[in-house]
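Some structures to go through are shown next.
Common to both upcoming complexes is subunit A, partnered first by subunit B, then by subunit C.
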Partner chain A sequence: MGTGRVSQTSLRPVGGESSAATRTLPHVPGEPGVWIFLFGDMVVFGVFFATFMYQRAQAPELFDASRHTLSIGIGLTNTLVLLTSSLFVVTAVRAIRLSQRGAAQLMLAGALVCALIFIGLKAIEYTAKVAAGHVPTENDFYLYFFILTGLHLFHLLIGVAVLILLLTQARRSHLSATRIALVEGGACFWHLVDLLWIILFALLYLVS
Partner chain B sequence: MTFSLWRARSTAVWLVLVVVTLVSFALGADHGVGSSVAVVLLGLALIKVRYVGLDFMELRTAPVMLRALFEAYCITLWVVLAGMYLWL
Partner chain C sequence: MHVTIEKTAAWLGVAMLGGFMVMFWFIAGLIPPMSPALTAEQTAHIYSDHGLRIRIGLTLMILFAWLFAPFLALLSRQVRRIEGYWGVMSLTQVMLSVTFPFGFSLCALFGVAAAYRPERNPDVTQALSDMFWFIFVGLVGPLITQVVILAFCVFIDRRQVPSFPRWFGYFNIWYAVLGVPGCAIYLFKAGPLAWNGVFAFWIPLTVFCIWMIVTAIMLTKAVDVEAAEREVRAANREWEPAA
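Entry: the complex of A and B
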């Protein structure tokens, strides 16, 4: 990376420490272009959420009855699992900036385990719903349930590839400014997967 | 692994988000259709999203415009979804 190759610790202060010495100028996490993609994705999902609410208003009792057939325990567990994965990722980014490579790799591995738990629980949930006859063609609620959670799962699978990429970066002894931006952008994508699920959990599992 | 890595605001935020998730679960388990509890649940979800943005995505230290866009998204989505729930 030529002249861009600098020590990780010289790039940014450690997040979470509040002394005046660690404060810096505003910093865009990742590349600015990443945020165009992230906001674009958030807006697209926002439209899907609004569409779901519109369809729900056409048959509120049907949607509520269908909601009660969901495995809310799995939805809750998956929410907690993704929140925990986000904590692993944000702490891993901090470890990378401090050149604590071992800790960063361990935390990213923890995030990957969380992702696998989410996928496993989602597979169990899908299998149970289909076995009980709750398929996309059953009604509008289940049509949207499978579309929305399926799209989210697709994002999560991309997120797994991103986590693996971050793991490879965490193994490097030094990272250029470009690679640090790559790490931050990848981490933000993973947090996007988390925040979309937070809304989906409320919308599908909790709201009557 | 350095224990000090966990001594950060993001860890405290994670704990709060877990507690809010459990509270939302308790609130949402059994409320009727059209209940204002749903509006509160959506509000709690968007507040959680806000903190994921500020403390996990590190928008708290981002340029004001980027942070404002994110916060505007959270508020707009809550207003739209809650409005659709109440008035459609």
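Entry: the complex of A and C
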């Protein structure tokens, strides 16, 4: 998770605590509460992945044969697109912290463009698969392919809303500690979307 | 007295959660769910073989589902306190709270209807059974909306002593995100998004149970916050606005 390292350098004023205490406390990116959501979501995606692996173990040949019919080019491009978007978000958070509003907005716009490219490529991939007769009812592999990538896409759409929220925060001249935490939490969510895709890409497209 | 009544309302929610589990799982035996891929005859067989169990379990739910209401009234009141007046958020919360007991009792009505006449055409039983699952598992919109409003309220609470901690807001978003896949059951007859699937049934059911318990605990704490506020007001001889 990219922000982990970046955030440690931030100085976030914590109300009611002495500065000595703040320095010794390890900084949690965002606010502690956001990790309830992030870890909770990761646990459930862990269950999703475990379910997939279990189903895969039931019919390894079918899953492997179906895997070869996926468009690995689109999958790989989407992975790179999301990694780039995460880089944009990391840079944007740093720019917001340094009050470089213009740069932050530009970076977040870049991340949003990446998100739109991802959605566009996903739409092309889905259409191509359905046109080739690979529908969710074809076999268990395609059932899980559409459901898992669909659930990820649902997360990505929430992520787009989060990026737009970050964009509105980047326009502000001054951000309170709470708002900085909100920005960091939002960035962490975007990295989660990225992380989940990387695992999903490996599970669906690569693992044989 | 206020405090006791309101905390009782919060715990009544948890008690009803337990009651729901007993009625649907242990008495009616409808959890774990039957497969949507069963034929009409197989489905009808389940309702005739376990007819009495199903009718008793669901009858209890039709009678008791309404005891969720005090829990939801307390939830709406706390949203109203954060909002400060009867605004859009608290009124939406009240309106959706009204639908909540129907989620349990309406589905149960279709379930008892399916089990009521074992001698009838299996196709009819299957249609009624489908309606049971469609309402029970698939009707997630009202609750998700309630939970999203609650999360939003937690985040915008700017008072000195907020009613809920901020992590509770994120917790609600977590529940909202995981509750959504239930809406996909109408599109599948097998797999994880069917009404007996992991993603559409088991995970939403688990997070719903966690949500009910955590929310009940948080509501009792919010009642304490409110009581403390009232005491300070009384000590300062301030006018107490009608909450």
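As a convention for this text, the second predicted complex is superposed on the first by the 183 of 208 C-alpha atoms of A that agree within 3 Å, B and C clash if a C-alpha of one lies under 4 Å from a C-alpha of the other, contacts with A are read in each partner's own complex, and residues count from 1 in each chain.
Rule of thumb we're sticking to: a contact is a pair of C-beta atoms (placed from the backbone, for glycine too) under 8 Å apart; a residue touches a chain by one contact, two chains touch by 3 or more.
In this text, all values refer to a predicted model and were calculated from it rather than measured experimentally.
By the touch criterion defined above, A:110 lies against neither subunit B nor subunit C after alignment on the C-alpha atoms of chain A. Of the two partner chains placed by superposition, only subunit C is touched by A:144; subunit B is not.
When the two complexes are overlaid on their common chain A, residue A:155 makes contact with subunit C while staying clear of subunit B.
In the superposition on chain A, contact of A:33 is made with subunit C only, not with subunit B. Between subunit B and subunit C, the partner in contact with more residues of subunit A is B.
In the superposed model, A:44 makes contact with subunit C only, not with subunit B.
In the superposition on chain A, subunit A positions 35 are in contact with subunit B in one complex as well as with subunit C in the other. Within the complex formed with subunit A, the residues of subunit C that make contact are 165-171, 173-174, 177-178, 180-181, 188, 190-193, 198-199, 203, 207. Within the complex, the subunit A residues that touch subunit C are 31-37, 40-41, 44, 47-48, 51, 136, 140, 143-144, 147, 151, 154-155, 158, 185. Within the complex formed with subunit B, the subunit A residues making contact are 14-18, 24, 26-29, 35, 39, 42-43, 46, 49-50, 53-54, 56-57, 60-61, 64, 72, 76, 79-80, 83-84, 86-87, 89-91, 94-95, 98, 100, 102-103, 106, 184, 187-188, 191-192, 194-195, 198-199, 201-203, 205-208. Within the complex formed with subunit A, the residues of subunit B that make contact are 1-2, 5-11, 14, 17-18, 21-22, 24-25, 27-29, 31-35, 37-38, 41-42, 44-46, 48-49, 52-53, 55-59, 61-64, 66, 69, 73, 76-77, 80-81, 84-85, 88.
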